[in-house]
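Labels for the chains are A, B, C, D and E, by order of writing; each one numbers its residues from 1.
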Amino acid sequence: MSLLKTEHIGMTFGGLKAVSDFSIEIKENELVGLIGPNGAGKTTIFNMLTGVYAPTEGKVLLGETVVNGKKPYQIVNLGLGRTFQNIRLFKGLTVLDNIKIAFHKDMSYTTLSAVFRGKKFWKEEKEIEIKARELLGLFNMEADAGALSSNLPYGKQRKLEICRALATNPKLLLLDEPAAGMNPQETKELMETIAFIREKFKVSILLIEHDMSLVMGICERIVVIDYGRMIAAGTPAEIKSNEKVIGAYLGQ
Amino acid sequence: AGNDAEPTTPDATETETETEASGEAVRLGLLAPTSGALAPYGQAVKNSVELAIQEINAAGGVNGADVELFFYDNEGDSTKTVNLFNKLVDVDKIDALIGPVISTTTLAVAPIANELGIPMISPTATNKDVTPGLDYVFRACYIDPYQGSVVAKFAMENLEAKTAAVFTNVGSDYSDGLAKAFTETFEAGGGTITDAEGYTDADNDFSAILTKVKANAPDVIFVPDYFNMVGVVASQVRELGIESVLLGGDGWDGIQNDFAAEVEGYFFANHYSTTDPDPIVQDFIASYEAQFGETPNALGALAYDATNVMLAAIIAAGSTDAEAVLVALKATDMPAVCGYITFDENGDPIKDISIITVKDGKLELEAKVSGN
Amino acid sequence: MLKVENLNVYYGAIHALKGLSFEVNKGEIVTLIGANGAGKTTTLHTVSGLLKPTEGSISLMDKTITGVEAHKILGMGMAQVPEGRRVFAKMTVQENLEMGAFLRTDKAEIEESYENIYRKFPRLKERRKQLAGTMSGGEQQMLAMGRALMSKPDILLMDEPSMGLAPILVKEIFDTIVEVNKQGVTVLLVEQNAHMALSIADRAYVLETGKIVLEGNAKELLDHEDVKKAYLG
Amino acid sequence: MAQFIQQVINGLNVGSIYALIALGYTMVYGIVKLINFAHGDILMIGAYFGFFALATFNVPFGLALVVSMILCALVGMTIDRLAYKPLRNAPRISALITALGMSMLLQNLFRLLFGAQPRRMPAVIALKRIEIAPGIAISNLAIITILLSVGLMLLLEFIVKKTKTGKAMRAVSEDKSAAKLMGVNVDKTISITFAIGSALGAVGGLLYAINYYQVEPYMGMMPGLKAFVAAVLGGIGVIPGAMLGGFVIGLIETLTKGYVSTTWADAFVFGILIIVLIFKPAGILGKNTREKV
Amino acid sequence: MDKKVVSGYLKNITAIMVVYAIVFYLIQIKVINNYYNGILILAGIYIIVAASLNLATGYLGQLALGHAGFMAIGAYTAALFAIAVDLPKYVELVAGLILGGLMAGIFGLIIGIPALRLRGDYLGIVTLGFGEIIRIALLNLPFTGGAAGLKGIPRYVNFTEIYFLVVVVIAFLFAFIRSRHGRAILSIKEDEIAAESVGIPTTFYKVYGFVVSAFIAGVGGGALGFYQRILDPKKFNFMFSVEFFIIVVLGGMGSITGTIIAALALAFINEFLYSIDELRLVFYALTLIILMIFKPDGLLGRKEFSLIKLLNRFSKKTKIENAD
């Protein structure tokens, strides 16, 4: 069954056609790469999928639901999580609180219960405290739970953002340049992390990345766009040798 | 957090008392706005009260004791006024209160003063609800409805006005009270109100409403507000070439300083006239000018009277005992700057009202209407 | 050309640079590599006057510039491509480049510089009227680079100029660096892409938690065991 | 009809003064991102300087205007140095509170120095009413005010858009460190901004005082607030917007007073502001640039 | 609920009751006279309104400059209700406060839904404008007493009432903020886009936070009327809103205890400054500027002051001292 399906979506900014006629389908447990030159429209595609922008053309389907025009938080509730090209953490909050916020939709106690500290409040708060710490543990970040997230080094901030996205319990995770600003060693660790997430959480992943070692190393399938249009799709090996892709993106 | 240490009485007193007199000093409180938009009025009141106290102290004090003044700036805010009144009572232990200046703050304090049995005279709170039912509360000025209707009568009888426009500062209950009374009396006397316009303290462009009024050309325009505002209105009236005669209340007093030309030939009701030859008036003006370098306005004169009335009552009572002072206050019967003063059953003064006109840039007594 | 001695920098209580010393000779490309949070950006910010060191000295062409304000340093011939691009989002591409030439007065040559930049990055030319803030990440990176070059610096500091760029552009950027260098601009380069950086640089310093732990010829470091393990993956 | 046109003229006159003050507001806001609540009080200071020049030293109007502008520019720069500069990197709201504190300080300082009594502004410009049609007249002062505000707006727009200083201002407004890296002297640029903004405030203050005859320590509060509203209505940070906003507010106010209700006029002004912002969240001329994600 | 939590509650309740008992006793024996009592009551009202503003500004991150307007709505609603009905004191008090809060909350909703789409300073100006509209309406509407003010409100608020009202409001805010709802509100201040991307319905929480804030401000306004017995529309002007803003920033945006400390400190500083009369407001303004320059994040920043922690530390110390 497909988790995500887009039908000829497009996005226009003023006179600029940033994305056009883009169709993709992602199934359960897939790891897909989205690559393309700078300004090709990759981030814009992510923004359309997550409801940050409403596509000016076409349809986005999550499972059976058409999500065009839905608010980002509603789309999250349908099982889509994401990270941002420019890291967007809750900078003034602790690492743990960053994660806890992402559990919001899994909790249901009311304001009344919160104010009177009812049974449900304690139960749910305890649950997410445990879950959040577990999640941090998986990323070897338990020790940082109490730290202010803005004080983390860059690499850990990226990890925390992924971790936070996972806390929303997505079926499909979108990662926008997760390896940007990491050195090759750190990138290697990140690849392991991604592989691990996929196993552990049974999520599909769609990622944008310019670091070819990562893309070619872990993606099963790669989609290439240029000037907002898909120019190639296939396995890493196929893409590597695709003339068009070499010309527009990879270079010699 | 213990609060047992009484804070040292702040040196808020402005009196230039010389040496301590023999007896227990008489402690007078004063609340007036000396900052914010109302500061000009509060300042005049404060000056006059200080002057009155100085004179009495120089003449040997009250019942052999000096009078000490405790003053606080209440910013014209009711909340602060109540607080500061509590401070005057609890910390400064005042025997009597002069003030507050404007009606809203006076309305806030009056019931509390009455409960605590602190005699008070507001020099200038003209709202009719200030005194009724409150034994300990007096005032030195006449009330809004009275003033408003006197001006209306003057307009109809002396100026033979048939039509009038009324401008109300809706943010000021003083203005509102006068306007209502004027309107009532004027209409009852067969006159027509052509325009009833409101504005607020924040306004100073009246061209919009004046343009309308000009079209109706009423005989008189009643502008019951304080002189700053009236000056602006009058200037624009002249600018637009409107011929109607402007009328006002005691708030106009002081207008001759800055806007003499603009209000030339207009009339207003006032508590006193600086041209009044009565020595009590001229002495007051002389000593005020000597001390503060300017001519006192009506608010000052009222504050001066209020202080003297209160101190006279304390002298008559022979002590600061509130009950005794109250009895003496009720029996007040003395000459004052703003006319001979006695109190009615509410504690409102019964006295003359002067209609003043501006001639050649100077205030002149046009008519004197006797008290109710 | 640039000489840094015993630099100590604090962010409040955090001791970010601990007695850092290095130098860049005229005409060289020197690269600074190190893990996240090692202090590379801090170093560049301190050198360019955005941060004040608590201790140490910096001299540019034998003139001490320690404590000199950042805006004066550009006039002394040092420009920077800052980390995270820092383009002026509400100005157009063209205006951003104009800002790069803020201190220049040679009108005719400025025109020439525009042409040079636009030749190097045709995408910028295409979008010269677009607001910089709406450009894609990579486009902004190109703009930041072009903007720094507009000041015609003698020495150019670059903080991760290849971050977020497509592979084809990465190569181009490095080519540009080499080209600029050939034209006589000294370069101090901070990079995560250690492999590329080392392969174009003359010399390199390895930074770890605010200290230089290794320095030497760039090509030699490329084969250094520790460097390989830690930074080349 | 004549009355209506007269009301529109009245509105433009009031509006032009708001516009003048709003220009300074918008300028400082656009560049320093600070709602400079003390701007209204700079207006008051400008009026006092003008008053002393005119009433005490009897200098001609033009000179009084220039002197007042220069002195206000200095005051503005000093305030920036002492009170706002230390807060450049602090949360913006702290700077806002400082500005409010500064406003209170200036008002009360001037009350202490020169007393609470309003002072009559000498009538420096012999008031003439020019009848343009039966029942429609405009005063020479109104013409001067309107022309001056439009002229200064154009000058300001030119400075910000076309000059090097202007470019530096825009760069500083976006990213101070990046501007420094371009060789822009940030402190100087901000000083200049305050100087220009305050000088404009001085012009506004002097004209305001002449139009309404008096100076007093609290005179800056209400026009300051209205001008701020005007700046926001037009799109804060946008120079022509401030001008437009000023005129719109002036017109709404006057027409409401003339035809609807005098007492509710300010409520109308604010009501319309709210409605405009709901449909144009960045003001009439402001661009609602969304953050790129 | 584990033991630690329960003992924490007990300690808090004990501390609250002990403080109350002490102050109450001091009032009884007149060590705290009417004057100080009045200041305490006003400080209490300031705490309530400033804390509510802190929710909107410190936690939700919205610049709200019209809280005096919500206060006014609450104040007039509560007062008119109490004047109209004739019920036992506490029934009237509680019902009046709740009604005042509800009415303010309704207005918060009406203004909040459109206004909260605006960002930062634009929201500030809209709330400011709203506050002014309310003030003008109060001056002009037929049932408010106009400029002369609304008289004849019963005096229902004294130290005891205000003290427990403050306790309830503060306890509510603490509990609210330290829950999933509070975290959602905090996340909006930090980064709205990110918040939305992890499943927070940001619009809902913005409006919700704003309405709760308006509600509490309304309650505070109601209390003011019941203390003062007269309401003057002029009181609820822009500068009044600013006073609360100053308290919030001075105490620390996002610190409730900071708000409490700042409100109390300002109340007493203000009174103390009466001793320098003329210079008072100049000094007040200078104090404000200097405080901001040296403590731009406010007294407590985002931290909270904990009496229990302090007491714990203290008791440990004394134990050690007693040991030797």
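The working rule: contacts are C-beta pairs under 8 Å (C-beta built on N, C-alpha and C of every residue); 3 or more make two chains touch, one makes a residue touch a chain.
Model, not experiment: these values are computed from the prediction.
Any chain touching subunit C that also touches subunit E appears here: A, D. Distance between subunit A and subunit E, defined via averaged C-alpha coordinates, is recorded as 41 Å.
Taking each chain's centre as the average of its CA atoms, subunit B and subunit E sit 37 Å apart. With each centre defined as the average position of its C-alpha atoms, the distance from subunit B to subunit C rounds to 74 Å. Look at where the CA atoms of subunit A average out and do the same for subunit D: the two points lie 48 Å apart.
Across the assembly, subunit C contributes residues 134 that each touch 2 or more other chains. Subunit E has residues 136, 139-140, 193, 278, 281 in contact with two or more other chains.
Those residues of subunit A in touch with two or more other chains are numbered 43, 52, 84. Every pair of chains meeting the contact definition is listed here: A-C, A-D, A-E, B-D, B-E, C-D, D-E. Touching subunit A in their complex are the following residues of subunit C: 33, 35-37, 84, 123, 130, 134-139, 141-142, 160, 163-172, 192-195, 229-233. Across the interface of their complex, subunit D is touched by residues 57, 63, 111, 114-115, 117-119, 121-122, 124-126, 128-130, 132-133, 136-137, 139-140, 193, 238, 242, 245-246, 249-250, 253, 278-279, 281-282, 284-286, 288-289, 292-293, 296-298 of subunit E. Residues 13, 16, 35-40, 43, 85-86, 153-156, 177, 180-188, 210, 212-213, 248-251 of subunit A are the ones that touch subunit C when the two sit in their complex.
Within the complex formed with subunit D, the residues of subunit A that make contact are 43, 47, 52, 84. Partner subunit A is touched in their complex by these residues of subunit E: 1, 172, 175-176, 179-184, 186-187, 189-191, 193-203, 302.
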